[in-house]
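Just so it is clear, A, B, C and D label the chains in written order, and each chain counts residues from 1 on its own.
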């Protein structure tokens, strides 16, 4: 299982703060594509991600128990 | 009468915060020289002055009722 | 310096004095603070209020990471940051950054650097509530590319 | 912005919040503050405490003059300054400068400019109390020449 966190626009689009996805050994890019299809999201191709609270790139492979956060452009401060 | 204000080192040297000098129509430079002699002060030749709370130069002529402040290098902040 | 947590994301109003007290030290002569406050008008459009959302645990971690960058660039500087989330009204402080240093130039520069980095890499999002709707601020449609998979190392407004 | 006096020289401890509140405005998104605090060590020498003296009326006038310079350079900035005088202990704030502006770059720059100008032209003097004596800070022996009869228009540390 991989935990996926949604924030900002993506949280509004999905209506959820987080979901659990029953996949492992999948790359970030592949999981993004799966999520786009499953939740009919606007493109995630340029959306940053963090794996276990560290920024990561699309080729990162997700392991059992990882947390993937989808991070739209930040606007704090 | 001209009022003269002393601050910092000059206040310590004279032991006074201010004095009244019975002169008028005298330039700042001439009054500085008079004060050096009268109070045995270390040289005032490079000490800044303010006349009535505005920085002024040595050639300024002091009038009856003016306030001359001798301003050692400032160190606020 | 107290051992209080220096990097915080909270729903509570921010006390500037509390943030300052985390960085006061006997060897310091200079403390700078920055308050980011909610502005009523942006490009002539009236904001009614703002709503901030954070990935709280990661945001606090990124603030501490920024502090490490600061320590490398300015070893004498100590920083503390509190970012507020939830609903904020006009003039409320959304973020307070405090930096102490023996000398003032470092305190200004490090403070400015922290604010730039917060806007680049800390996972916090702002939703504007206008008279006629709402919108998440920033390029939320993903047209900005981050080929490195993370925000660029450094950029200026 | 309240109509409270924005440029003050006082013997009382300074409240940072009070100074900030003089510059908060609905059109502002950024407030910077600078606190000049009493440092224990300067070039390895221990300070026990400091004593500040001011030509109070002229000092407040010069602070207001600096504000006019700021308004010309950064029309959107509003500033407030409180300088404390008398005896100050280690970590006490001697000066608090607050600047508000719609955008942060201006708030940082104007704040830094005000501090530079305070150190150049505001008639306030600092006496260090060391373990083995006292001394007025600065070139008190008058070896610096001011041919213009006043401090230079601008210089940087």
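Keep this in mind: a residue touches a chain if its C-beta (ideal position, glycine included) is under 8 Å from a C-beta of that chain, and two chains touch if they have at least 3 such contacts.
Only a predicted model underlies this, so the values are computations on that prediction, with no experimental measurement involved.
Note: the chain lying farthest from chain C is B, by mean C-alpha position.
Each chain gets a centre from the mean of its Cα atoms; for chain B and chain C, those two points are 49 Å apart. One inter-chain figure worth recording: chain A and chain C are separated by 24 Å, centre to centre, where each centre is the mean of the chain's CA atoms.
For chain C, residues that reach two or more other chains under the stated contact definition are 36, 115. In chain A, no position touches at least two other chains. Of all possible chain pairs, the ones that touch are A-C, B-D, C-D.
In the complex of the two chains, the chain D residues touching chain C come out as 16-17, 20, 24-41, 90-91, 100, 102, 104-105, 107-108, 111-112, 115, 157.
Interface residues of chain A, counted against chain C in their complex, comprise 5, 7-9, 11-12, 42-50, 53, 55-58, 69, 71-77. For chain C in complex with chain A, the touching residues are 36, 52-55, 57-59, 61, 83, 94-95, 115, 118-127, 136-146, 148-151.
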